[in-house]
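Per-chain residue numbering starts at 1, and chain names A, B, C, D, E and F are given in the order in which the chains are listed.
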Amino acid sequence: MTTLAQQYSITQEPFYQQQSNEVALYEAAYKARLPVMVKGPTGCGKSRFIEYMAWKLGKPLITVACNEDMTASDLVGRYLLEANGTRWLDGPLTTAARIGAICYLDEIVEARQDTTVVIHPLTDHRRQLPIDKKGELLQAHPDFQLVISYNPGYQSLMKDLKQSTKQRFVGFDFDYPAPELEARIIATETGIPLADATRLVKVGGVARALKGHGLDEGISTRLLVYAATLINGAVAPTDACRMALVRPITDDADIRATLDHAVDAIFG
Amino acid sequence: MTTLAQQYSITQEPFYQQQSNEVALYEAAYKARLPVMVKGPTGCGKSRFIEYMAWKLGKPLITVACNEDMTASDLVGRYLLEANGTRWLDGPLTTAARIGAICYLDEIVEARQDTTVVIHPLTDHRRQLPIDKKGELLQAHPDFQLVISYNPGYQSLMKDLKQSTKQRFVGFDFDYPAPELEARIIATETGIPLADATRLVKVGGVARALKGHGLDEGISTRLLVYAATLINGAVAPTDACRMALVRPITDDADIRATLDHAVDAIFG
Amino acid sequence: MTTLAQQYSITQEPFYQQQSNEVALYEAAYKARLPVMVKGPTGCGKSRFIEYMAWKLGKPLITVACNEDMTASDLVGRYLLEANGTRWLDGPLTTAARIGAICYLDEIVEARQDTTVVIHPLTDHRRQLPIDKKGELLQAHPDFQLVISYNPGYQSLMKDLKQSTKQRFVGFDFDYPAPELEARIIATETGIPLADATRLVKVGGVARALKGHGLDEGISTRLLVYAATLINGAVAPTDACRMALVRPITDDADIRATLDHAVDAIFG
Amino acid sequence: MTTLAQQYSITQEPFYQQQSNEVALYEAAYKARLPVMVKGPTGCGKSRFIEYMAWKLGKPLITVACNEDMTASDLVGRYLLEANGTRWLDGPLTTAARIGAICYLDEIVEARQDTTVVIHPLTDHRRQLPIDKKGELLQAHPDFQLVISYNPGYQSLMKDLKQSTKQRFVGFDFDYPAPELEARIIATETGIPLADATRLVKVGGVARALKGHGLDEGISTRLLVYAATLINGAVAPTDACRMALVRPITDDADIRATLDHAVDAIFG
Amino acid sequence: MTTLAQQYSITQEPFYQQQSNEVALYEAAYKARLPVMVKGPTGCGKSRFIEYMAWKLGKPLITVACNEDMTASDLVGRYLLEANGTRWLDGPLTTAARIGAICYLDEIVEARQDTTVVIHPLTDHRRQLPIDKKGELLQAHPDFQLVISYNPGYQSLMKDLKQSTKQRFVGFDFDYPAPELEARIIATETGIPLADATRLVKVGGVARALKGHGLDEGISTRLLVYAATLINGAVAPTDACRMALVRPITDDADIRATLDHAVDAIFG
Amino acid sequence: MTTLAQQYSITQEPFYQQQSNEVALYEAAYKARLPVMVKGPTGCGKSRFIEYMAWKLGKPLITVACNEDMTASDLVGRYLLEANGTRWLDGPLTTAARIGAICYLDEIVEARQDTTVVIHPLTDHRRQLPIDKKGELLQAHPDFQLVISYNPGYQSLMKDLKQSTKQRFVGFDFDYPAPELEARIIATETGIPLADATRLVKVGGVARALKGHGLDEGISTRLLVYAATLINGAVAPTDACRMALVRPITDDADIRATLDHAVDAIFG
């Protein structure tokens, strides 16, 4: 088991800037092993936060990117056919429950219902995972914790968690970092001057103000880091902004013009 | 067979506070082996009640969290391919019928119809489970009983039990415990002072009053226990309430403001 | 073959009260081996009638609860993978055709079309079952008869038998027994006094009058028997009626109030 | 091959009454091996006609009841897993093309499109069946002919043959036999007096006049034969008519009253 | 490989009457190995033209009738399970690319998208077929050419080729032959007098004028040949026309009357 | 591994005409290994550009044509059943991540969501591919880069990338080359006189002006090259234009007339 735990442990401290008292609150939730739900827009640092907490708590982290074609078997495990009959292969959720890892189900709303229901007995006082196909009732390792992420912007009539699932978690809200903090994050991560990073954050601010007015989602911190990376690679800042901030997020000619204009004004 | 029965028996008395004469009524239903349907909102204690009754009656309990991708084979069993051909593996319903367990199908409306129809011959005078794939007609153990849970709040035109299924069960209605009782439950389970527990129940009351007016479902007893656990872990009560009671259940800004305001007023 | 026939034979006379001349008519249909369709609401005794006729005629009875996920293979049979290759396993319809049983397909409208079409050659002058996967053309045993049940209340635009299927059967209509008869049935089956049974039938009558006016279906004879069983187990009649007659069939507050009121008036 | 041909040959002359010159026309179509489409309402004798022609021409007949879950593999064949690897099993269409049988695809519109497209190369000058999964290009036996049946009453926007399929067949229209002929058919098949048979045909006439006015389809000749069979088995004619003619085809109370009244008037 | 090429080569010159300069244009397209799309109504001779060109160019022809249940594996190939593990079986497209055949995908719009996308790398400068399941990147044989057929009449919002597929082909339009030519084709193919063939073409003309006015598609040349075949088999011309031209293409009573009237007028 | 890298390396310089500074920008993006999204209409040279960059950077290129039936397993890999049990076969994405290739997912919007989600961990700071079915967490080769293409014209409410996917890429916009450049490309690739190539580009311009006014998409550079190829093969220019430019892209009679007229005017 040691090897699996080692394979999934975070060996280097991930770069993470605390925004409020979220680290202490998470530690309290982990101490009681309460299941955690992190909410917030794309690319604002949800996954980075969980990675950081796993590193800080010294627990292995198993991440699963959920999708609508994922089945319960993809999480729990399946039998593989081999030369000498079948061999059982634990899925990532089962592995996490066995070795005492933090299991992070990214974008859980994308998954089919059987995937969300399978976590129920792991998220109440039972902390059990019934592996029906093996006839095994797995009692979770004392260190095991379940974390899910959730983007409220995607929430629609068609796809939402059931209340009977939601009411098994404590929640953390995330948003883009405050401007000064975000500029410092960008400068630290990429090495560009703080002045340029501040300009990039301004471009981000323009796009985020357009959310709901022609844009589904603002520009993420990740894309700002991409633009900074290109600038660091000697690409002209206006080219870098167009490539990394404008073209990926919209094909609408008006919005593009607005954003291009903002880029020229800020970097001109 | 003894081992399976032992694996599923409840060895410690589950914490359960009787609300009315439901324990005696359940005992009468079990004595006649009538199939039981328990109804009520999320997290009000339905599963805990069945666990308690299984413990009280000294019968093993096999719980299945139903979901829309579950097939009849997931309940009844399937053939596994092995080195020396195939081996039959009983599903949880078959196991329960063989060893005389209480089989609890949680959130049965979520399941596909083939799952609900498969229980029909187990719920009339026949008490049989035809295992077509094995060519076996299993007569249920005299101790076997079937229990299903059902959340009327979810009931829609698309998903409801057929009358031919419903009319095979006697019904128990559940709701959140009365305020004083609920406060006592929370204080007993988590160890926080009764005064704090009473305040948490008041927050719960505000949210439950919003059901149908912006909330699909009120705050469950389980979430109140989560908040109490965090308070017990030295988290500030207002933080604990936001994390455990407000953020998980809604993303609506107005409802959040109302609930946050209530939290501040009650704990301020 | 003898063993299979024995496994499915009805060894004890099922309790059945004739309502009209349906037993003689069924005997005439069986004599000509005409396929039979029994229609009527949930829990009015359709399955019990077929069980009784199978016992009276001394023929084995194979019952299949149809559902929308059932495939033709579930009826006809399939190959199982074994150590020495594959082994064919007859499905229940094939078994019935081989051993000369009465095959009863319960709630046939629920099944997918391939299931309903597969019975066509068994229901005309050919009386054959082509088992394409085996390359076998099975001639039905002279004693074989096909019976289907059908609940007209469920019949919708989406789910109905095709006329080319319907026009292969002679039909029997069923309904709840007349009040006096139903009371006698309940008293005989459960041992409660006839006066109580008569009161239960009155409650049933109230609910049946609400069919189409807020209830999809009236209270079945089966539920009345459940209530009588609870009364026999020392449960208060009003509690027994609420558990067995009111809660299972509706969550509508108005209808519940009406029924509860009727229960109190009748048993008060 | 001889055995397969024998298994599917019609050894006894089927009872068939010619209605016009359809036998001669069919013989001309068969002589040129033109694919044939027979159209008409349920139970009017389409299948019986093809059976008769197969007997008259001395060719084996392979009948397939089409349904919406049928795949091309169900027609063409598939590999079966066996102890020594896989074994190919010809489907009914392939068998018919190999042994020179008449292949009758009953209710072809019910089938999925891949089933209808698979017959294309067999129905033009190529007379070939590409068995892609085997890598075989099967040249049809010179005696092979393809026949499909088609009920125009079912034809809807959702389910209809494509013109590129239709335009590969010559067509035969069928309808219920003329009254005198139909009465004679019924009397001959069941042995009841011609007077009773004539009365049954009158009932049939009433129902057929209601087609499109509350009935999807008239009463078929097959059901009239059922009623006659019951009368022959000493069932009262009015009971026989209700069981065989009224109850199977409709649950509409008004239509039932109309038909019951007609039965009473005709047999009273 | 020689044997496969022989199996698919056209050994006898197919009967084909050139309508314009389409033979020379096809030869130019084949010389540059440009992918070809042939468009036109049902039964106007598209398939016959490709067969003729394959014969004329001396290349093997592999034809695939596309349908909506066809998968990419049906075209590219799959692994078969055998006694000694799995064996790869090339699909028709792979076979054609290996042996240098003309691969003709008939009615490509019927196929699912994965089938149409799989041909992309074969239809640009790469002329490659990636066989992902084998890990093979097949370079097409220099003689390989891809041809698809397409019936614009079927083109709907739901089913149409994507522009990224369309823009990989050069196109040929087909229509019914001019009247004199069509009469000559019919007389030559079936041996009936040219006068009768001319009358049949007149009937065809009436139906084709009704296209879009009650008929989805006109009468194809193939059906005219069927009618001529029946006339040649001593069937009365009016009977032959009804069987081969009227009944297969429509069930509309008015259109049938119009066409029957035309038949009587032309052959009367 | 060397062999796989060689199999996918571009050995000859692909013909590519730079339109702006896209080559330098791509090199900057590749240097930072940023994931790249190329956008633009069908056949404007997106795939050619990526092929050129792979050649210029000396990296192997693995191209996958995405489609709606493609599963995550098609990208990541699967177990194959063999004589001695199962063997794992890397999918194209896994192969690219292992050998350090550029992986080009063509028309990514066509793919199902599980395919797009599977690339997430490869496109952030982790650069990992979890191969759940093998229990392997693959760290991408330092040379690995992911490229996707995207046709904004296809973008609809039903099919669009999620923002959480989009915001992982830097973007390149493509369009048809400017007229003089396009004419030079055509003349260079096919060898026809520049005057003829210029005329073809004029025809293309007429069609591109009709985009959104009856045409879904303009004529691609690829089709202009096809027409030039036919002209080079001695086909009359007007015939070549009809075959290669008009017939493939539309069946609308008016648009065809407009385009045919333009062809006659330009080449007349």
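The definition used in the following text is that contacts are C-beta pairs under 8 Å (C-beta built on N, C-alpha and C of every residue); 3 or more make two chains touch, one makes a residue touch a chain.
What you see is a predicted model; the values in this text were computed from it and never measured.
Trainee: In the touch network of chains, how many steps separate subunit A from subunit D on the shortest route?
Mentor: Shortest path length, in steps: 3.
Trainee: Centroid of subunit D to centroid of subunit F, CA atoms only: how many Å?
Mentor: 52
Trainee: Take the average of all CA coordinates in subunit B, do the same for subunit C, and state the distance between these two points in whole angstrom.
Mentor: So the centroids are 30 Å from each other.
Trainee: Measuring centre to centre with CA averages, how many angstrom lie between subunit B and subunit E?
Mentor: Chain centres of subunit B and subunit E, defined by C-alpha means, are spaced 60 Å apart.
Trainee: In subunit C, what residues contact two or more other chains?
Mentor: Residue numbers touching two or more other chains: 81, 84.
Trainee: In what order do you meet the chains if you trace the ring from subunit A in the direction of subunit F?
Mentor: In ring order, starting at subunit A and going to subunit F first, we get A, F, E, D, C, B.
Trainee: Looking at the complex, which residues from subunit E come into contact with subunit F?
Mentor: Its residues touching subunit F are 21, 25, 28-29, 31-32, 34, 37, 39, 71-72, 79, 81, 84-86, 112-114, 116-118, 120-121, 124, 130, 132-133, 135, 137, 152, 155, 162-164, 166-173.
Trainee: Can you list the residues on subunit A that touch subunit F in the complex?
Mentor: 7-8, 42-43, 47, 63-70, 74, 80-84, 89-92, 95, 106-107, 110, 151, 153-154, 216-217, 219-220, 222-223, 226, 229-230, 232-235, 239, 243-244, 246-249, 251
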